[in-house]
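Next up, some structures in structure tokens.
Look at the two complexes coming up: chain A is in both, with chain B in one and chain C in the other.
Coming up: the complex of A and B.
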């Protein structure tokens, strides 16, 4: 059991990265619009985030340097500050979307009005992060989010077309609107690489006190197993949406529509598990983003940080994550649609994406820094290939968003 | 010390995390204070920490962001003799507060400590 708990950092980082509010709706929309055509994008994205998470976890383990420490050191103060601004905007917007998402799921579960539930969501998140130690945050929200496995069970029960699913692993365009295909492909890949995942993951490695050589293996296992689980959940949602929504021409624009997809094959228990899984996963993503924002500020300015201490042990760090939740509350209470906010944050991640991943790749490959644990040929090749992909995604995201009217055509 | 070595020293410590003797994180190296004249020998006086020390490296368009000192002193010079070691971090011989570092955390702590569970 201890071994299972050890990978909880990867599970929480992946849950936040793969099945947050935006991803749940986006993957379901991709499945409902294009069937299995974009399964490959989830797999390609998962391998990429595994490669980079392993790298930044290794840097955290060997050099005790989380990502934003490395960003400032390698890019310098000027570019580092630009990266900080862009990434903090993305963190804040994503956190707002997640807080709104938690309130939406609470409304589905308890039937109370949405706005008061935003305050309840804020209170639940603040209390959780204030009182729970880091390892329990990982366990409760990471493993709680795994209730979304109900979508994998639902997918199997729906007896999907395995031939079409296998064909989906090979990129192919089978739609009259290639731009829509590109929009969803870039969206899925872009969401997979959202920078807060690596901020959270690398700082989490330091929080968990990783030391070489034992924890280098744990880092590899955590990155691979965590993100593989996230990818399975993503693909399951896509499959369920393809099986249920394509024949009926349904466009799932709401979380509730996606949750109902688990009810069709599994009954009310399926719906309840799907909603509970969403509650934990989206809450986990909210915590990922608020802590990522606090890690970034503290590491860039050199403040004390860490959830392994009590809140008073890292005061400005504590004030910052609480401020992120507060800001998120103000954004969603204003009435803005959380799903629109999350799509907006993907656009702004354009600046932060390459500036976050370049320093990780440079430091992980620097033998002066990493000694015998610097990137080998495989990690280096994959790292550079994925960096090119990240730059292409960054450049393509905004034009595709505009040209396809956010995927509406 | 050759010119090359001096340059390496500045590159080595710029933007590094500073920790005090107890391991408390208390700032980053924002600049290095060097004594000397062009053509003559130069001596490293110490490390500069704080908002004002970043002025020359701050992008003009983003100047407003680095404006607040977040409760810290605008600039603190840490004498070279106060440095214990330079590894992945710059380790100091003394307590952060004694050297004027980490004041923002000390101030915020007074508020945070009033909340139960802190």
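Coming up: the complex of A and C.
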């Protein structure tokens, strides 16, 4: 059981990358629009984020330096500051979307009006981060989010076309709208590499007190198992959407549409498990983003940081994560659509993507820092390959967003 | 409004109405919760009302005027049915009527999309 709990950091980080509010709806829309054609994108994205999370976890373990510390040193103050501003903007927008998402799910569960529930969501998140130790945040929200495994059960119950599912592992375009295909592929891959995942993951490694050599294995296991679980959840949502929504011509635009996909084959229990899974997963993603924002600021400016300290022991860090939640509340209460905000935040993360991943790759491969634990041939090759993919995603995201009218054609 | 936009809006109405009938189906079979039905039916109704309003207020291309009026009327009818579902989220008899009406609306919207 202890082993299972130890990988909770990877599970919670993966929840942000694969099943936050935007991903849940986006994956369902990809399945409803293109069937199984983009299953490969989830798998490719999962392997990429495993590679980079393992690297930054290793750097945190060996050099005791989380990602933003490395970003500032390798890129210098000015470029580092640009990265900080871009990533904080994305963190703030994503956090706002997630807080709104928590309120939406609470509304599905209890039927109360939306705006008061935004305040309830804010309070729940503030209380959770203030009172829960880091490892319990990982466990409660990481493993709670795994209730979304109900979509895997729903997918099995719907008796999916395994041939088509297998064919989806091979990139192929079978649609009259190749641009729409590209939009969804880039969106899925881009969401997988959202920078806050690695900020959260590497800082979490320091929070968890990882020390070599034992925790190097734990890091590898955490990165692989956590993101693999995230990918399974993501593919499951795509499968139920392909099986249920394609034949009926339903275009998912709400979290409720996705929940309906669990209810249809599994009844009320399926609906409730799906909603609870969403509640934990989206809350976890909100906490990922607010803490990632505070980690970035503290590491860039050299403040005391860490949830392992009492709030008074790292006051600027504490004020920053609380401020992220406060800002999120103000954005969502203004009436913007949380799903729209999160889709935009994926696009705006394009500036932060290469600037985040280049320093990780350079430091993880630098034997002056890492000694015998620097990148080997496999990690180095995969790292450079994925870096090229990240740059392509960054360049393609905005034009595709405009050309496809956010995937609506 | 162009033929392409008309076709897209018809498909959107088909999607909203079909989803509404799926939601009502859960009420009929007792496989859902009233809080979920109330909330999601309101969301669907709100989007359907917006669609009706956009379609009704857009200037049509030649030959599309009659079809656009029909699409706007269908959207208003679907929104009304969804509001009824939101108002009676645990009433199986009302949900059965809504399901039937929304299924008909979805079929009609599909025919409109294919009529060009």
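We adopt the following convention: the second predicted complex is superposed on the first by the 409 of 409 C-alpha atoms of A that agree within 3 Å, B and C clash if a C-alpha of one lies under 4 Å from a C-alpha of the other, contacts with A are read in each partner's own complex, and residues count from 1 in each chain.
Here is the rule we go by: a residue touches a chain if its C-beta (ideal position, glycine included) is under 8 Å from a C-beta of that chain, and two chains touch if they have at least 3 such contacts.
Everything quoted here is computed from the prediction, not taken from an experiment.
S.K.: In the superposed arrangement, does A:159 touch chain B (first), chain C (second), both or neither?
M.R.: A:159 contacts neither chain B nor chain C.
S.K.: If we overlay the two complexes on their shared chain A, which of chain B and chain C does A:256 touch? Say first, second, both or neither.
M.R.: In the superposition, A:256 touches chain C alone.
S.K.: Per the overlay, which chain contacts more chain A residues, chain B or chain C?
M.R.: So, of the two partners, B touches more residues of chain A.
S.K.: First (chain B), second (chain C), both or neither: which does A:64 touch?
M.R.: Touch status of A:64: first partner only.
S.K.: For A:275, select first, second, both or neither according to whether it touches chain B, chain C, the two together, or no partner.
M.R.: second
S.K.: Return first, second, both or neither, reflecting whether A:81 touches chain B, chain C, both chains, or no partner chain.
M.R.: The first partner, chain B, only.
S.K.: Which residues of chain C touch chain A in their complex?
M.R.: Contact set of chain C toward chain A: 8, 11-12, 14-15, 18-19, 22-23, 26, 30-36, 38-40, 43-44, 47, 89, 106, 110.
S.K.: So in the complex, the part of chain A that touches chain C is made up of which residues?
M.R.: Result: residues 107-111, 248-251, 253-254, 256-257, 259-260, 263-264, 267-268, 271-272, 275, 408-409 of chain A touch chain C.
S.K.: Which residues, counting only chain B, touch chain A once they are in their complex?
M.R.: Per the touch definition, chain B meets chain A at residues 14-18, 24-28, 30, 49, 54, 57-59, 62, 65-66, 70-71, 88, 102, 104-109, 111-113, 115, 117-118.
S.K.: Show which residues of chain A lie in contact with chain B when the two form their complex.
M.R.: These residues of chain A touch chain B: 63-65, 69, 72-73, 76-78, 80-82, 84-85, 130-131, 298-305, 310-312, 314-316, 318-319.
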